[in-house]
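The following pair of complexes shares a single chain, chain A, combined with chain B in the former and chain C in the latter.
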Partner chain A sequence: MLRLPKFEVATPSSVGEAIALLAEAGPSALVVAGGTDLLPNLKHELATPELVVSLAGIRELVGIRVDAGGALAIGAMTTLAEVAASELVRTRAPALAQAASLVAGPQLRTMGTLGGNVLLDTRCQWINQSYFWRSALGFCLKKDGTKCHVVEGGKKCVAAASNDTAPALMTLGATLELEGATGRRSQPLDDFWVADGIYNKKLAHAELLTEVRVPPTAAGHRGAYGKLRERNSIDFPLLGVAVRLDVDAAERIQAVDIVVTALAAQPKRLARVAELLFGLPARGAEFERALEAVAATAAKQCNPLPHIPGDHEWRKAMVPVWVRRTLRAAAERGGPVHED
Partner chain B sequence: MRGRMGVLHLRINGDDVEVAAPSHWTLLEVLRYRLGLTGSKQGCDKGDCGACTVLLDGKPVLSCLTLACTVEGRAVTTIEGLLPAHVAGGGQGADPVQDAFDRCGALQCGFCQSGMMLSARALLDRNPNPSDEEVRAALAGNLCRCTGYTQIYQAVELAIAEATGKRPKPRSWESTEPRGSS
Partner chain C sequence: MAARDRHGKDAPWGEFAVVGKPLRKVDGLAKATGAAIYADDIALPGMLHAKTLRSPHAHARIVSIDASDALALPGVHAVITGKDLPVKYGVIPWTPDENALAVDKVRFIGDPVAAVAAVDEDTANAALKRIRVEYELLHAYLDPRESLTRHDPAIHEGRKEGNVSKNVLLEFGAIDQALATSDVIVEDEYTFHGTTHAAIEPHCAVAQYSADGVLTVWSATQITHYVHRALARVLELAPHRIRVVQPCLGGAFGGKSDPFSLEFCVATLAMRTGRPVKMLYTREEVFYCHRGRHPMQMRYRTGASKDGMLRGVDAKILIDGGSYSSFGLVTTYYAGQLLTGPYAFPTYRFDSTRVFTNKPPCGPKRGHGSVQPRFAFEVQLDQLAEKLALDPIEIRRRNFVGEHTTTVNGQRITSNGFLACLDQVERASDWSTRHGKLPFGRGLGVAGSMYISGTNYPVYPNKMPQAGIQLKVDRSGLVLAFTGGNDIGQGSNSVVQYIVAEELGLALDQVRVVAADTDLCPVDLGAYSSRVTFMVGNATIDACRKLRAQLVEALAAHWQVDAKRVRLIHGEALDLEDATHHLPIVEAFHLAEERFDTLGATGSYNTPELGGPYRGGTIGASPAYSFTAHVAEVTVDIETGRVRCEKVWIAHDCGRALNPMLVAGQMEGSAYMGVAEALMEEHTVNRYGLHRGPSLLDYRIPTSVDTPELAALIVESLDPEGPYGAKEAGEGPLHPSIPAISNAIFDAVGIRLKHLPFTPGKVLAALAERRARAGEPTVAGGAR
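Coming up: the complex of A and B.
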């Protein structure tokens, strides 16, 4: 039995009310959206807030629409199940719909929200444990301790970004709409991350993610998400690969972007991918050769750490496999990519 | 609502319930330790196993990760509510999903069973004739450590077959005769 620590709960019905509550309470207040990330973490005493502000009653944060500028605007409290099933998302942002469909299991997707997944806390096998378990090791860098059990002598926390939707949204050029006590701001997701597993995001206290915006995609837009995990029914990613591949009317590749997650504290955009694929047809022998080159450069650029379950050398060996599979799925308008 | 303790108004299995509970309690704790509805099981208690699955407005959710005070006013169905709802709807005996689980021997220890049956019930309410793949996907969040899942899938298949008038695939070891028939 895992009990939650004692705290008060506030259930505001507007964004303004929620921000005021958070600002007034200070850092001892935390936000809960779907609860599927925060509640297990609270049960493990990774935080002991005095106040938890639930966004469950804020209707303005739910919904998927196309705004006046043609961007897809998804309310932060829209559930992952709704995102995965949305025809608008599936057609305009296939990688996002696929990533949402592969987060955890069905109940967790019904509860978990897009905003919550984007803002998911980093994960590590030395931190996502009960207080008793962690105390036996003298704790770790991320919480209550000074030692890193992943990197010997490490002074910087390397807990893994484990949010499936974030890499997909990065390939789509998404922007986060944030609202705080001092006003609103638009934050490109690419520049949102910090290479620090303790807190890997540029989000201030009392600042809320209200909406995720995906700019209009081209007619030839294709995307896919591939996820390696221990059990396909439920787990966090051991490796997540998001691909964007835009083609012109002649099926030649005009844009390509690959972001890999579950390697370190922030999702990693692969370099030198566009130059290997630009202008090539999205199928055939030439494409297959380029695919091998992309897989090889991905393997060089990605170095999984022994911080989440699964042997890290095996995870490294899986990088080219999953990059190849996901890229091919995007080219063929397939996906999501997962083991049966 | 704000405070360390509060009075919640929930609709549990069709009944309006008023219950006082600490704010940090989960829905599972309120169900089990305030209302005596112990059919929802406390398994891993952190969202892995699905034993605490209940239906919230008809959709399966994990009650161990739901703060009770955030579902104020919403309809909760637990395993205790399936049979009364079936009878109230003019049916006889247990819910067809429960009956099929019984006849197929779709359990050993029974710990996962209430969550399994609620996930299956929600699927059949949404889609009375799902494919094998849809059945597996709908039950993916409910872990069973005893059975290997085969008889669980067969039970759902039997419930689907009976609801849609299809003939279930024959199994050598099971009786497809409804309970009480000669």
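Coming up: the complex of A and C.
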């Protein structure tokens, strides 16, 4: 078995205490929520912290509620299993519930948290490997090396955002509640990302994600999540498609949003989607024709790289299929879209 | 054949009391409760932990190794390198080309270079990073075709064959003439991609060297005897000073058949330090150890007459062996030798060439050597059926080789339940009303196969028994059976218990089994080639019959009746004709001990003379062959290219099911493994020669939700030489899964998949090609 490197673990009982610990320890200190991503990464020596601050003892970070403004507020330490099963989430934010239900496998969802999944490190077949494995290549851009093995001569890391819940939350207009040494801030998720596989987030050291807020959804809100993967459990996404499709009382499409993930360092919002679907009925021949047009434009906008394991040409071919299927699932109040 | 090897297919006391019942395994409760002791559970006082430094280069010369910094680290007790273990070994005595640690050269990324023993794993790992190795890089061979023609630099120097590991060319009958006069010929190429075992337990070994010079090695091996021999050779120790023990094993599937680097390293480090030493491989290291199924590029040419009768088969196979020989000599033979049933062909030629490449070494995996050719041939048979407009089951029936016959390559076939297997899967799958008639996107495919129940080729030539057993009878009423056979989860210890209980009329809890300990148990050649039930089972019956004769004689004398009247059953001794004569069996033990002195018996099994009269003719010659037929049902999503195997019907002729629950488990596990190899698993290296993803996240084996429904249909042909008629069930039932799926995909959507694995990308490409051929427009991105 791969060994965990040695580090101190702190278990603060409040957010303030956690921030103070992190600030004091400096940038090498790390945060652990459920640990399902961090611990394998530490075993692979992708980081060698002296201190790991566990959020497991902070009660205020757990729970799903509707806040005074009518927004759905989910504590960052709420497990993915709880998010997936929550009636509140399922009715107000179906795409999020579906995405959470497809992260990893059942055991990992009872450990993994929503906050941890949103902040998941980017992934690449050339980085999520042991120290020995990476050393055989002379390492890579993301850690310890200067070469990119995905793009020959590439100077920018292209490790892929692989967090299923992030694109769903983006279609829902979610905001991250962040707290750091200098105070609190609300960060729209749309503007949270950076196109850099080494670190793709606007999140400072000693800044904690405390809560994810999803503004109230319209009465005619529909959403779905589609996940492409090789097995029907465990695997990270080869492609993730989150859809929001709001309709009016006459079942005509009033708002559309599609965000895809696992293609690049950050989730990507598809352009020119609303103009193809706005005002159309959410079923029937006209809708089906529009789906083809949306699928075609999605295909043009998405170019998966051979960064994560799997056949990237097949992943590209699946973009229009998954976009079409997930849109249709949203329209029919169905989903999630995967192989089962 | 010696009389001792033939005990008949019938129950020893008229009807079976134990055999044929779905009984619990001897170690079932221990495993389910976590009480079972695996190699990594062993912790000895003062034990050190060892780790291996591995090569980061695919092919390189070692210029120097400097371990001084590692040795200087507090807590480090010893560092060893290839210089400490210069003697080469190999599981096949003719091809010893491995060193426990690299001497002069490394041949793949992951090749062991040095080993460290330290107070704990972390210290050992830290020490590895302090060992400085200077390498001189050599050209790395990643494509087996290159190894066929280029020999400089040689992966193994000093061989006249260069980078060719083994070539076998055998011809039976006038093949060229047969093909020239055939009405139809099908010729095609097929690729098997390479897969590994993925046993859940990683390799682990613990060694202890006693003050009086006895070396004990506990190892997660499936062949204690060969580890014993290899240790004696490499360590240059007298074999009687070495004891090898196999603890409870967490899966093997062929991947623990070779002697491995860690066994020599822990032994040497224990002798060097005077402390017990353990080494547990990481999952990543298990992938480098590999010994998985060989990639093969196969060309088959099959000729037949108009009515579908096979006239000849001509095969040419290129085998990618990876960096070492391992079992490769046998693999190269098996790739041809095991194809000659369940169908008869009057002429046959195969030309198999195994080459070395700078990749993790291949070896035996469940269905060793014959799964790949079976895939190619069973798809080709379907192509032939298509050409002749014959039903795929019908063409297989027509060409049935028969029972009590000899194959074209001189293999003796005894019992053969293949036709019954075909009948069973045909009926269960509702083949006649569904094959060729399901909606587009859903289909059924069939395939058949045969496999060995052990072979008469012991890995090292000798005339001693292949299986031996000893029984010790205790005054408490307990019989202890000592067997060198390796229970690797397949249930061989349970089989021994059932047979002893059956033969001696004991309750199951009156029989315990001690296995796979070279000090305590007589030699058995181990768990490979599906030999254990057949050979250890026969040896067990042999020993029991001797003991039974003594018990019966003592009871007959005690009751003063004819021995024929004595019965032993359910822990009681009875006189069939006088109800007043009955005793608990423990008292029969006492009577017999009074009469014969201390009780005990040995038993053994050796194969009869088998095989064709030519070089290699005994390789693949088995005392009995198992037969299998599968029907697989698939759905193909033509938009995504994804193939889903919905159900597999598995009919397997195991001779007799000594425990039908264990047989069904082997059948289901085999089919699961085959389906995984067809659709998902892929053991490959990247452009650097580095394993693509040595983890169970990236090497994808199906989870429970990816597994098809599996229906096990047991066929019992009652083999004349098997124990109560039993034959193997652990490997044969894997073979047809892969071609049955390819054939089902053809039935579903009309494409022939000939190159494994059947990934969605390949399916989409084949569908597009089919549309192009049919003149239909192709639409990128998965047209509906």
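To be clear about the criterion, the second predicted complex is superposed on the first by the 340 of 340 C-alpha atoms of A that agree within 3 Å, B and C clash if a C-alpha of one lies under 4 Å from a C-alpha of the other, contacts with A are read in each partner's own complex, and residues count from 1 in each chain.
What we mean here is this: a contact is a pair of C-beta atoms (placed from the backbone, for glycine too) under 8 Å apart; a residue touches a chain by one contact, two chains touch by 3 or more.
Every value quoted in this text rests on a predicted model; they were computed, and no experiment measured them.
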Chain B versus chain C as contact partner of A:Phe7, first or second or both or neither:
first
Determine, under the contact definition given at the top, whether A:Met318 touches first (chain B), second (chain C), both, or neither.
second
Figure out whether A:Gly35 sits in contact with chain B (first) or chain C (second), or with both, or with neither.
first
Determine, under the contact definition given at the top, whether A:Ile234 touches first (chain B), second (chain C), both, or neither.
both
Contact-wise, after the overlay, does A:Pro309 reach chain B, chain C, both or neither (first, second, both, neither)? second
On the A-aligned overlay, A:Ile198 touches which partner chain: chain B = first, chain C = second, or both, or neither?
neither
> Does chain B (first) or chain C (second) touch A:Gly105, or do both, or does neither?
Replying inline: both
Practice prompt. Could you look at A:Ala47 and tell me whether it touches chain B, chain C, both or neither (first, second, both, neither)?
Written response: neither
Chain A positions within both the chain B interface and the chain C interface are 1-2, 6, 105, 232-234
Listed in rising order, chain A residues that touch chain C in their complex are 1-3, 6, 105, 125, 128-130, 132-133, 135-137, 230-235, 295, 299, 309, 311, 313-314, 316-321, 339-340
In their shared complex, chain A is touched by residues of chain C numbered 54, 56-57, 109, 121-122, 125, 202, 280, 282-284, 639-642, 644, 680, 688, 690-695, 697-698, 700, 702-703, 705-706, 759-761, 764, 780-782
Chain A contacts chain B in the complex at 1-2, 4-11, 32, 35-36, 39-40, 43-44, 52, 54, 56-57, 104-108, 110-111, 232-234
As the complex stands, chain B meets chain A at residues 1-4, 6, 22-26, 42, 45-48, 50, 53, 59-62, 64-67, 69-72, 119, 137-138, 140-141, 143
